[in-house]
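Quick notes on the structure that follows.
Chains here go by letter, A, B, C, D, E and F, matching the order in which they are written, and residues are numbered from 1 within each.
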Amino acid sequence: MTAQLESSPVTSVDVELQHQIEQFLYLEARFLDERRFEEWLDLFSDDVHYWMPTRTVRYERELDKEFSASNEVAHFDENKRALEERVTRIRSGMAWAEEPPSRTRHMVHNVIIELGDSPSELLVRSNILLYRGRLDRDVDFFVGFREDVLRQSEDADYGWLIARRSIFLDQTLILAKNMSIFL
Amino acid sequence: MVVDIRGLVDAKQGTVDPRIYHDEEIYQQELKNVFARCWLFLAHDSQIPNPGDYVTTYMGEDPVLVVRKRDGSVGVFMNQCRHRGMRLCRADAGSAKSFSCSYHGWTYDLSGNLVGVPSEDDAYRNEINKAEWGAVKVPQVDNYRGFIFGTWDPSAPPLLDYIGDFRFYFDAFADRTEAGTELIGGAHRWVFPANWKFAAEQFCSDMYHAPISHASAVLALTPDDQDVDEEVFPMDGTKGRQFSSELGHGTGFFVESGDVLANIVGQKPADWFQGGNPEAIGRLGDARAERMRGAHATLFPNFSFLPGINTLRIWHPKGPNEMEVWAWTLVDKNAPADVREAQRIGTGRTFSVAGLFEQDDGENWSEIQRVLRGHIARRSSFNVQMGLGHEWDDDPDFPGKVNRVYCEMAARGFYKRWADMASGMSWDELMASVRKAVEVSG
Amino acid sequence: MVVDIRGLVDAKQGTVDPRIYHDEEIYQQELKNVFARCWLFLAHDSQIPNPGDYVTTYMGEDPVLVVRKRDGSVGVFMNQCRHRGMRLCRADAGSAKSFSCSYHGWTYDLSGNLVGVPSEDDAYRNEINKAEWGAVKVPQVDNYRGFIFGTWDPSAPPLLDYIGDFRFYFDAFADRTEAGTELIGGAHRWVFPANWKFAAEQFCSDMYHAPISHASAVLALTPDDQDVDEEVFPMDGTKGRQFSSELGHGTGFFVESGDVLANIVGQKPADWFQGGNPEAIGRLGDARAERMRGAHATLFPNFSFLPGINTLRIWHPKGPNEMEVWAWTLVDKNAPADVREAQRIGTGRTFSVAGLFEQDDGENWSEIQRVLRGHIARRSSFNVQMGLGHEWDDDPDFPGKVNRVYCEMAARGFYKRWADMASGMSWDELMASVRKAVEVSG
Amino acid sequence: MTAQLESSPVTSVDVELQHQIEQFLYLEARFLDERRFEEWLDLFSDDVHYWMPTRTVRYERELDKEFSASNEVAHFDENKRALEERVTRIRSGMAWAEEPPSRTRHMVHNVIIELGDSPSELLVRSNILLYRGRLDRDVDFFVGFREDVLRQSEDADYGWLIARRSIFLDQTLILAKNMSIFL
Amino acid sequence: MVVDIRGLVDAKQGTVDPRIYHDEEIYQQELKNVFARCWLFLAHDSQIPNPGDYVTTYMGEDPVLVVRKRDGSVGVFMNQCRHRGMRLCRADAGSAKSFSCSYHGWTYDLSGNLVGVPSEDDAYRNEINKAEWGAVKVPQVDNYRGFIFGTWDPSAPPLLDYIGDFRFYFDAFADRTEAGTELIGGAHRWVFPANWKFAAEQFCSDMYHAPISHASAVLALTPDDQDVDEEVFPMDGTKGRQFSSELGHGTGFFVESGDVLANIVGQKPADWFQGGNPEAIGRLGDARAERMRGAHATLFPNFSFLPGINTLRIWHPKGPNEMEVWAWTLVDKNAPADVREAQRIGTGRTFSVAGLFEQDDGENWSEIQRVLRGHIARRSSFNVQMGLGHEWDDDPDFPGKVNRVYCEMAARGFYKRWADMASGMSWDELMASVRKAVEVSG
Amino acid sequence: MTAQLESSPVTSVDVELQHQIEQFLYLEARFLDERRFEEWLDLFSDDVHYWMPTRTVRYERELDKEFSASNEVAHFDENKRALEERVTRIRSGMAWAEEPPSRTRHMVHNVIIELGDSPSELLVRSNILLYRGRLDRDVDFFVGFREDVLRQSEDADYGWLIARRSIFLDQTLILAKNMSIFL
């Protein structure tokens, strides 16, 4: 699957793999936008780490401190169970931030694939733009990039599982009343 | 001033006029009479450990620099150049030797003194009196147990007088061990399109919203074998206490029930916080170190925290219709590693912009605010009557004016203090009324 | 109040001061004196057929719930919780048994009565008088031929008096058959960055803009073999009538010419609407049921409709510089299926946010509004003189004060009524002036 | 053309077809952004149904009523002739909402292809973000997703025709003064 | 008016109250008393060479059309229809035979006269007095060396009196050759979230910010073998001059040093501008045509330019917290092609929204403005004291009140004039104070 | 490299080339978003012309004057040296508009490839959406399209060099305090 058609200076990932991975990410986005959260959860491995650090404004010389470290606070620092709890919450009918439901649109961009640490893992980098409409007037854009580790899996419905997702937003101060969404 | 602010809050009848959340004129009075006079939380010692370390924050809407000086003390001054008003430092935090303005290069030392002026001789003929043109300094800065506060008002009473009878409750959060507390790195910051008082009041006085507003989060986090109403969020208000200070502060909590903490941040932090720390019991006694549960608290006006869950936050006003939330996670410095780790994750997961609990607060506050665009909507008073007239002040465990935990007594106290201050009442009057209240109740 | 609102409208000279569209103070007076006193359109019966059905809408900027009660009557009350002001219902429409507040769970029945308060015994000690703390109800609600109206003002005259001499024209839209009308499902809602009065006035009084503003749409929809000026939009104003009510309402239409309807929604609806419905002729007479063409109309202040095209809409004020348009399509309940289908498609295609006609109105109104940021721009009066002094009131077919169809008489009437109301004139004075006008003209 | 390279769990659409369809949608977007409306019209079949329902805020339990039904009002409910009339209008030089012309940029995302009812038809799902600049200050984002039926056609200049387009916006209240655009 | 505007500027002590940049009331006074009275730059002859050519621009916030009429003269009138206020022309520029309103089709000729009203006979019964309802014309328009100016105030002094003693310096930019100047096609326009006065004052008076604000650009453009402080931006203020006019105008420049121009736009334009144009030397003398370097200048209130770099711009006010910058590149009509080409590229590369220099100004101004949301921030005066009391008026080369180049004398002059005008001082008083100042200094 | 699999009515560019070029553009975007400006510069040929004209609002009949001409002023009219100077500026530590640094996210869309004038050149058209976060509150969207000439090069690290880039923004009045960014 990760074999290459020919050597290329830009990327060694063949176009068929690129196609499959892009479709996988589009499918994931579609599950979220269609509120098929249980199917969405199934795309993640049981040992997934789903992480979005916080971010601060820093001068260039201290830019390494821009994102919170792994031992600091995060917007999301979730294992599979925590993701499931979030879905449980939304499904409760009393999650006011999502009742009435938000209208989300996940736009996946600039997908760059690299071979991962193990032969069955890929490192997938994508830009994400999430547009959220809520109630009659709320509009939010959540923009950033994601680094996913995708793991090939026989058991997975779609051949791959997301084993790690790190999300880096391009906002420091979050310009939204809440993040009742997934990225 | 057209509006008579004191008339907008009737603490005796338990009503509040909704214009206090929406009116621009009232807001400007608030900036002037509340935020430019109160002691405001600025930073925690642990954020700026070394000389030159700084954070930028706001006092009301005024940006300030909070800087660790070379002598170890903390300097606080306007983040505004005296020349043409440029923001001196545009980072959230960092380390610096001095602050040099990006417009014309005036340079200020770590105390905010103006120490360098380009071409001082040639352009200014050495006539500029640099001592006069330092950054505007916050005249009173004090540190209580690692929490740094400041006030613009040189005549404000000392910090401990300002905290007053709330100190007993603040200590349960801030004074648990000799080693003290520290903030975990990183912060949650976000924008709420709602007046800051909705948030401050809620943390001051509102246990009552939790079972409804946060029903989904409680449900998601409660193991199947627990009974929510009995074990997690008892609906019996006698199982807890609310405290209200004449100074505007307030807190509420369960006593020996309401085991929400284990579900939120895990069993280990719950054990640690609720009896597992012998030093804390020694310092605070068992009421505060063992039996308090699920507390919420606000130090007037806009500094709130949840002991146990250990989020703390400022509600920065940004106009009458908007606030910013800046939230951190606090840990006992000497807490075991697994307690600390559980707290780091659990607090962020529940009380943050993406937090299971806090998401829903955002929905409520923002929609209340939107409704206030209406003319009729601003004409009918809100109801703040819960528990009116039922307080007592001789509780064996919890000093001061207390009531059942589901109550709005502390909200009435908060709004009364707010109205007194916002209307321009002097500190003499403000503190006299407190003494009188204490005498009456004492 | 600094501005003398009545002085801003000179109906006698036909001039209007542009500040009425832009000034924030005037806008607040408008919310108070116009929108909190007038009868406002709320919903159509067909939107809430069953008990528990509700829609949410606005009266001015105040959100209200319009609910079908169990007894079949309609309850209207503030969509605002009396506790801390949360919006009770955040959906546009739906069906409910009661309304439970998401903040603290206060629950209101379908009439807006407060019926449930969590921990009423424990927290409130059963001392809360729930009867006093129901949602604020709209004191007068009435239903005319399926159209539900309400007013905040208990002293407002009855709805039929408020509609007054406009009823003759309203009936041509609302009272065509015994079976009545219904709304087709779905609604067009959008935001216009312009003052609501531009829209209300235009639908009240402005046939004159159509040939220019909508030239492109008329062109696109006109078959090649038709002559626009002659057949579709006659430029001869004597071929139509404009009517103006002292109550602020107005309408205009062609008579036996201006066959725009067939092009817009199709021949079948045109035939049905213009003579093809014998019951309508019987009820309304031939002038209204056969010969009226291309009518526009506004029921003061912000309810407009186009008989034939059968769009109806509210222009919700959202600050002086913005409105929301909420538009529906109405059909005769007993209209043939193909008429109904043609109307469903044709109306949306022409009068909606993407509509061939309405797109251009949006461009005009928003640019007028932007220009009003200018100081000079707000200093020169607008010209509303068309047809001044040429009205008659003895038309054989069309009662009341009428004029040629290209006219601004109804605009003058609209603005005069607006200025009288906005300046705070009492209902006694307001209705007396109407009676006097009717006497004089009668 | 719809043959598949190999079976895959994510998608059975081969990468070459994906490429052709994406290029087709990009071409369509380009025609709109370059105001080549007549060429754009040629991409639609004569029996096209071009539809955008209205949308309301509903609680989750009534989410099936969120979009207006096919027998209710719509933002667009157009046949080919109606689309042509819209173009006629714009070309008249008197369509003030487009004179001066808007500046549009159609961004096509997350293209997911499924085989349609007939062998010569594809069901193509895409997310759309339309950025509109107008006059000096107006900025509007129209965001949502589209479901297209693409029909293979010998006669079509580009091999495919759009036989049906359904557009679902992520706004209920439209936050724009008009929709003088196509999506 | 609550605020006493004159008290906000103390030119004697060199302080300015920051509220002048932030207060909405002051802003409205500014629109009325400054922008509706001053001579404002409208366009350059070369933008509208042929009859029918027009550009649209703003005077304050009022939109105007600037049109080349058939007789070659220029007409300027409100871009607002007198009927219902629609913007007549929505393009930035173009060519037209007349202006027809898109709302109802009223048509205006190139002078703004109302010449066509649809259905004038039928709808208006020929009773509309078209002569009365033309577009509001700018009563005074004048042209100085190809620069077109206008004022709303019929009683404003003539343009040349308004320019006054600044003309000597303006000529160095505008009057270099008999052939005159022209604008290169295209313009940079962008939005700054800051008060316009920060920009106008800086171009009037502020050489001092350049070495700091623009350090990165100077660095990037300076060849390795040059010493910035010595050759490019001398820090010795005696190497240049600042001039301040009682009329509010100001300029500053180096003399025979500060060779920044070659680095910014290239050696050829630098040579051409600084001595390489014999005709310029003949007309202007060597001080202005050879020895001036790196000049900045503002013609009160909001027209600024940089001679040599040859950007010129208007700072259009858009509320107290926002401006729009409209910037062009000027060239001598008879400049050699390579000079012209270097200027075209070099000016845009440095002074535009993406310009190496101007990017940083945007950062400074917008952050100053944001800080002014604070209550304390608005309470402390800004320091405008540089060079106070050290001016002279007998410079052999540079007439008028001058000082060293690093100075704030011209800022004091700018703000004094602004405060006098904004507070409503009459033209008689305004011009009398100028004469008196000239007498005193003369 | 530019050979085609088979003739197609929509595009004659084969999917492998499309893949390589898209990856090249994603890499370029990544360099910018990661502030790897020197690597970014290396993607441009020494004779590059990097150009963004200004734009004005014009009625349809004068739409040919909408963009400034090549002999008029531009937002960017840069050769390689000028681009290098811009990077030098940013790297100086005193470029206040970028100190603290902006947070950018370049989203590349709708990539359409055409064969260029010479066999080793491609004409690549792409839509671009640049999201910029700055300090705590600034958010800017820069949206438009780009026309690149990509030149195949043995020496280039990634096989291609950008020999010309023309950027056409969808704003006339720039709704941002500065453009301290690259597109």
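Keep in mind that, in the parts below, a contact is a pair of C-beta atoms (placed from the backbone, for glycine too) under 8 Å apart; a residue touches a chain by one contact, two chains touch by 3 or more.
These are the chains along with the protein names UniProt gives them: B, C, E = Rieske domain-containing protein.
These figures come from a predicted structure and were not determined experimentally.
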**Request:** Between A-D and E-F, flag the pair that has more C-beta pairs in contact.
**Result:** E-F
**Message:** Averaging over Cα atoms per chain, report the distance between chain D and chain E in Å.
**Reply:** 47
**Complete:** Touching at least 2 other chains, the residues of chain D are 15, 18, 57-59, 93, 96, 100, 107, 109, 129, 135-137, 172-173, 175
**Residues within chain E bordering two or more other chains** = 90-92, 102, 189, 213, 360, 363-364, 367, 370
**Request:** Could you run through all the chain pairs that touch each other?
**Result:** A-B, A-C, A-D, A-F, B-C, B-E, B-F, C-D, C-E, D-E, D-F, E-F
**Item:** Complex contacts: residues of chain B adjacent to chain C
**Value:** 18, 198, 206, 208-209, 211-213, 235-238, 360, 363-364, 367-368, 370-377, 380, 382-383, 385-388, 390, 404, 406-407
**Fill in**
The chain D residues in contact with chain C across the complex are 52-54, 56-59, 62, 65, 68-69, 71-78, 82, 85-86, 88-90, 92-98, 135, 137, 172-180
**Prompt:** Considering the complex alone, what residue numbers of chain D touch chain F?
**Reply:** 15-16, 18-20, 23-24, 26-27, 29-30, 33, 93, 99-101, 103-109, 129, 131-133, 135-137, 139, 156-160
**Asked** Residues of chain B touching chain A in their complex?
**Response** 90-95, 184-194, 213, 215-217, 219-221, 324, 328-329, 341, 344-345, 347-349, 352-354, 356, 358-360, 362-367, 370
**Item:** Contacting residues of chain C [partner chain A, same complex]
**Value:** 90-92, 102, 189
